[in-house]
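Two complexes come next, and they have one chain in common, chain A, joined by chain B in the first and chain C in the second.
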Partner chain A sequence: MDWLSAVNLDGLAAVDFRWLGLVLELILMPLIAFVVGLGLVLMLRKIAARLQRRVGPPLSQPLWDIIKLHAKETQTSHGLIHEIGIVMAIGGYVAAVTLLPVPGMNGLAQQGGLIALLYMTMIPSLGLALGVGQCANPNGSIGISRALTAMLAYDVPLVIVIFGVAFHFGSLNLVHMIAAQQAGGIASWGIVQMPLLALAGLFALQGMLGKQPFEIYVAPAEIATGPMVEMGGKFLGGLFVMQCFQLYTAGVLYVTLFLGGGEHWLTFLFKVFVVTAIPMTIAMVFPRYRTEDMVRLFWKWPTMIGLLGIAFVMN
Partner chain B sequence: MTHIDQVPTPGAPLPVEIGVTPGAKRTNPFAQVFDELVRFAQSRSLFMLHYCTGCGAVELPPAMTARFDMERLGIQPMVSPRQADILLITGYVSVKTLKRVILTYEQMNSPKYVIGICSCTVNGGMYWQSYATAKKLNDYMPVDIYIAGCMPRPEAVIEGLRGLIENIRNGRADAWKDYYRRYDHYLGNQQRLFGADWQTPTDVIAEARHYDLFGPATLGAHTALLEQHQRPLEALAMRIEIPELMRRRSRADQGGTAQ
Partner chain C sequence: MATSPTTVMDQLLTGLHLPDGLDAFAGVIRESLAQVTNSASWTRYGRQSLEWLIGMNPVDRLFMLSALTLLLMLLLGRLRSAGVLAVLLYGAQFAALLSTDTLFGAPLAAEVRITVADQSLHWSYDALSWFFAMLTIGAGFVTAWYAAGSWMRRYREAGRSARAFHVALALNCFGMLLLIGSADLLSLFLGWELVSWASFLLMALVGGLGAQAALKYLAYAISGAMLILGAIALLYSVGGSFEYDAVVAAIRGMTDAQVWTLLLLLGGGFAVKLALLPFHLWQAAAYAEAPGAGSVFLGAISARMGLFGIIVFIVGMIGVSRLMTLEIPYTFMSSRELIAWIAALTIIVPTYTALQQHDARYLLAWHGIGQGGYMLLGLMVGDAVGSAGGLLHCFNYAITQAALLMAVFAVVHRTGTADLNQLGGLVTRMPLTFLVLLFGIISLAGLPPMAGFVSKWMVYRSLITEGMPLLFVTAVVGTLGTILSVYKLIHNIFLGQLRVEHQEVAEAPLSMLIPMLGLSALIFLAGFIPGPALSWVAQVQGQLGLPVVPWVLGGIVDPRGGLDMIWLVGILMAGFGVGALVFYGFGGRSRRVHQLDNYAGGHFLTADVHYQYSDNFYAGLMHLIGPWYRGAFRWLERSLAATLDLVSFGAEGLYRLAQPTLLMLAAAVAMLAWVL
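Let's look at the complex of A and B:
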């Protein structure tokens, strides 16, 4: 028993256990994002139903959809890249979610920052492009080329907005931005300080979520849901999971940049749901633009509003 | 091919596969809970591909929109066969249409359900004497539910869908397995209409083997005939044939040589 007495137990107190907390956060954050995302998907479908004077789906509909799709007994795979593409699509958003600070959890936000987050949100589109490419369905190819064109369109105003916000706060760190906004109250929120950038950001959000005026790459009646055309069973289920993460990421990013993040979960979730409801409400009264019209519109109006906003911020 | 033309005697029980009890429970209690959950999810979430061939399609918009709202039951329209669970045939199927319906059906992922709406899918309806109309849909693919009427009102359509939901909950909606287990029967009927060299892009026999759905009647005289004519599928050649573009290109070529 000599070796036991030789162990210096005093040293245990000095061992850093903070990494355990980080691991817990990295597991919890995507899980919370998924559950909140299910709620967001439900809200979008309910809004669509109410605007059409329908009752809409029951409360747990998004969950049943995902379970059902994964429980399909025959799955049509078009090859390895098809499957990896879906993994990339979900994985990109899971990584993005760990970079977004939420009340009580910072995850990797201190280490990552805004630029890393932007990179992560582009991975899903590229993963989807790989996966759809292997399906060799012409509708899918048209859809994914439109999706990437749409990304090119809304990324210009988005990058301008991100630049303006980062310039205003003097930092690319999301934790610092939230702290600065919460210290000064509503008067220091991004939406009060930079209303033009907030407006341009809302435009970019509409394109990012691919909602109706800019729904060019889904277009069910035209190219049969584009990238999703060959996706059945677990592949479509994976995309439904991705949609939950996508809505959550977009909503939380906007809340963090312009609405002061969240002091606690109640106000935070309220803000996220309100922000995500705006694009859907706008979407239901619009038809679809053509691809070139969307690019032209995005490179003209939100870009101009964003540049004007930057001029005010730099003043 | 004589036995295909046999007409079943009225009132006789339908042939049931021996050893396969509908809704059979697994012994593991956890597996039972899991199966129950999956069946519930499958019954509460149905994506519908409507193949609108006839006048019955008129009754679907009211069933989907504000008045009757199918989304309450978790039923929503989808646009591609890969995503769909239900194939809704609304009206008569002509010989030419039936080919497309079968291609669509074979591309769907199982479990899949077929619903025949209107009398035309049941027995040909008012097209009984037509030379170009397939009379009974369930000769060519297994049908889960027929909704008779000319045309059935949206209430009847929703009542039929509720029946399907009930069947899925009880594990009785497994007609899709019949297509794999008795493929020879269905293929025989298809060959009778479309000719001996009828072939679809989906290899049903290989799928039956892969998913362990092989039955004693999967192979037979008709699948042997299929194997004689079967050509291996090849990827389509990549080429663009836009007349406008080709004309412009040839004109440019001529201009180039003239200079």
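Let's look at the complex of A and C:
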């Protein structure tokens, strides 16, 4: 970190302080992710409100929601795995965001690249799935069955995108990708170099965030909000926190792969908010797909676009 | 008149004409038997035999201990303590393997050799043999432990022979140790046949469906062995010797057409054991229907013998670079791509077949076939990281599959069923078994922080850096299918509603739990600190002449994107800590409620109403991909069998000369056709 190296540590010159910097990064990165995530949730609700000609919630509403859910008197647990599931859902994302470089901080991006990040983000899904399963409510299980099917759908174009990007930059290391894009200016950004992959990635993003038209697994009127059916109080609060991290991870990943990462915080956050606004806006305009239609759609259009994109990248 | 055992043995041994190597062996046995019967002092005998064992050639000692295990199980397998004895003996075999020091040291030849008709059969251990022997003996050890207590009592109560089980297991281990130590084509074939028949024995132990599946396996295994015999004949006719050195030289001098023939013969033969497409149909039923502990052993290691053959001949002797020069006529593919695609299809088809299973044993057995594809795929990519990933996956998969099958058979032990539609909610009754299954499925699906993630990551990474997009996507789609399928497995057994008849179910017995928990710890450790396992793999790579993976304690170092599991697992654990702090540290206390205290759209739930979603778990997906399951391979198998039936029927008619005139007519027509 830049500011840390500016601190005068003459008297302690013999001690290596690099690890302290890393520890600080590892503490700061999840905190920043959480705060930015709260902002993204607020934006999501504002966009929905504006499209429905409402004013929308005030600035601090997302935070108050989490506090309210945690403070509820009735906290219904269906067993230890129900609780562990929420812990895993939050914990997995806390770990995952340290693999995503942000301006001035690389965290653990050197220790695990793009594939490690992809699989790390599956840990929260697994935790959630376990927790919901323990609730012994078939509505929840159906929701998880649908959510996992959705993952099977959107991950096919997503891994095609990941392959193409990694092949283009000749590395799985996110730090290298950002460096390559920032060295060459906008002309070297992923979105300019690989427009088809960027398009396929946008499709995948929509599915990854589980926004309309791909939110069949919550289907409130049909399966009583699916995975959330037995979630109340701080269980729901935990899922809220997870959503903040999820929006942040998806937005930052897209910016890293296609929009040159972050030179400094201002442009970086601007890019992240713009990218995340796209799926949210689309979500408010479209109706809902069934799971099999979703699989069919994802295995057809974004997959084809992605493969075409790879063909261009590899030539 | 009673004859003493010594004299019977004596007569047997002197009556037989034994080849050179075995004569000394027989003499030793005769001597020890004489000592046992004559000498009153058991301690002296014990000390002498111990001294004799220590003084032996280490590889001979390993074979000796393995043969001793077989012998003792044959003699004492009926005893109640035979299980414990078996565990100790497999432990001794493991120690003997370590003492050969062939992993980091030089290869070591065994002194035992058999000479038949001027051809010498001999054995030798090197790093590759050490690696596979470690897996074999390890699998034997945990299986024997798992079977030693409560499981075996139940097995006996069902009227089955404990001795047969112990002998079958020991014979499997012995055969495999001979096979992976083989140093010429004849000893290879001897080991191969021994392994084939031994696994048939283990499959067929309980009869019923298992015996049917075992017979089907036998049909496949015999065809596979014929192919291998054909390959051996080809190699001998070209090189004029059964020795491996001569074989390597012979392959180097072969024409492309000859190498193609060799590839098809060897590849076909070994593919049967590894259950590569299209020879995969026998495996799931044969492994799933074997008796519980036997299924664990078969699932963990047995099919890897096919991969061992492929590694020795196709990767080691022919070499991936030679494979790349073998073009398939009229296509853009080389033989290496062909094998890689067979591996990729072996990942996809069995994995999605597993997704349709509703018997936990079959589900895991089908995944076992699919995981074999990852190993072969990594080896076919052939770069340092990819081939190391393929080899490492043998180890990671073995510990994972053993733990998973043990957990499932522990559930069967307690509830009597593996039907995924008849279980549910067992996590409250069998929490430790749940934990074992959870660790296992995370590893099988290849998610961090477990072992399976590391090896799969290496295979993915090599596919990306070597520029193989379609194979990469296929490999990941296989992993995604695995995630879906293993969630169904853990959900339908342990999560959801506990059934009334399972309210009193107890945790798995300790004798089964200890190896299960041990393996789970190993799965986590091999994911947290992959360095030791990578160091073994690096030795194997060096010996095979493959590029060696740049490993460190935490994983792989590479400027193009490495992996450090110590950091990743550390941060994940820290993340869980933060998650726990957020969840437990703030807000009101949660209150546990009964499972019937649940949202049911306004209805009241009662214990007699089954409130569980388990059947046809991925209904939406199956709605789309269901029609894609055409059973094409089953159709192929059936049509082959029908053709064979027809041919044999016709041949039988000719043989009996039921219609001599017809035969004459057919011969005349054939003659005319030939002349014209």
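FYI, the second predicted complex is superposed on the first by the 302 of 315 C-alpha atoms of A that agree within 3 Å, B and C clash if a C-alpha of one lies under 4 Å from a C-alpha of the other, contacts with A are read in each partner's own complex, and residues count from 1 in each chain.
The rule is short, and it goes like this: a contact is a pair of C-beta atoms (placed from the backbone, for glycine too) under 8 Å apart; a residue touches a chain by one contact, two chains touch by 3 or more.
Note that the coordinates shown come from a computational prediction; the quantities given were computed from them, not determined experimentally.
Colleague: Where does A:136 make contact in the superposed view: on chain B (first), on chain C (second), on both, or on neither?
Modeller: After superposing on A, A:136 lies in contact with both chain B and chain C.
Colleague: Once the shared chain is lined up, is A:252 touching chain B (first), chain C (second), both, or neither of them?
Modeller: Neither partner.
Colleague: Quick check on the superposed pair: does A:52 touch chain B, chain C, both, or neither? Answer first, second, both or neither.
Modeller: first
Colleague: Have a look at where A:73 lands relative to chain B and chain C in the superposition and call it first, second, both or neither.
Modeller: Both chain B and chain C are touched by A:73.
Colleague: Between chain B and chain C, whom does A:305 touch in the aligned arrangement: first, second, both, or neither?
Modeller: So A:305 meets neither chain B nor chain C here.
Colleague: Under the stated touch criterion, which partner chain does A:172 make contact with: chain B (first), chain C (second), both, or neither?
Modeller: second
Colleague: With both complexes superposed on chain A, which partner does A:61 reach: first (chain B), second (chain C), both or neither?
Modeller: A:61 contacts chain B only, not chain C.
Colleague: Please indicate which partner A:196 is in contact with in the superposed arrangement: first for chain B, second for chain C, both, or neither.
Modeller: neither
Colleague: Count the residues of chain A touched by chain B and by chain C, then name the partner with the higher count.
Modeller: Chain A has more residues touched by C than by the other partner.
Colleague: Between chain B and chain C, whom does A:228 touch in the aligned arrangement: first, second, both, or neither?
Modeller: In the superposed model, A:228 contacts chain B only, not chain C.
Colleague: Could you list which residues of chain A make contact with chain B in one structure and with chain C in the other?
Modeller: In chain A, positions 69, 71-76, 136, 224, 229-230, 233 sit in both the chain B and chain C interfaces.
Colleague: Under the stated contact criterion, what part of chain B meets chain A in this complex?
Modeller: 37-38, 40-42, 44-45, 65-66, 69, 71-72, 74, 76, 78-83, 85, 107-111, 207, 211, 235
Colleague: So in the complex, which bits of chain C are touching chain A?
Modeller: 424-425, 427-428, 434, 438, 442, 446-448, 453, 457, 460-461, 464, 467, 469, 472-473, 476-477, 480-481, 483-484, 487, 490-491, 494-498, 554, 559-564, 567-568, 571-572, 574-580, 582-584, 586-593, 595, 597-601, 611-614, 617-621, 623-625
Colleague: Enumerate the contact residues on chain A facing chain B in the complex.
Modeller: My answer: residues 45, 49, 52-58, 60-61, 63-65, 67-69, 71-76, 136, 220-221, 224-225, 228-233, 236.
Colleague: Per the contact definition, I'd like the list of chain A residues that touch chain C in the complex.
Modeller: That would be residues 26, 30, 69-79, 81, 83, 86-96, 98-99, 108, 110-116, 119-120, 122-123, 126, 129-130, 133-139, 141-142, 144-146, 148-149, 151-152, 155-156, 159-160, 163-164, 166-167, 170-173, 176, 216, 224, 229-230, 233-235, 237-238, 241, 290-292, 295-296, 307, 310, 314 of chain A.
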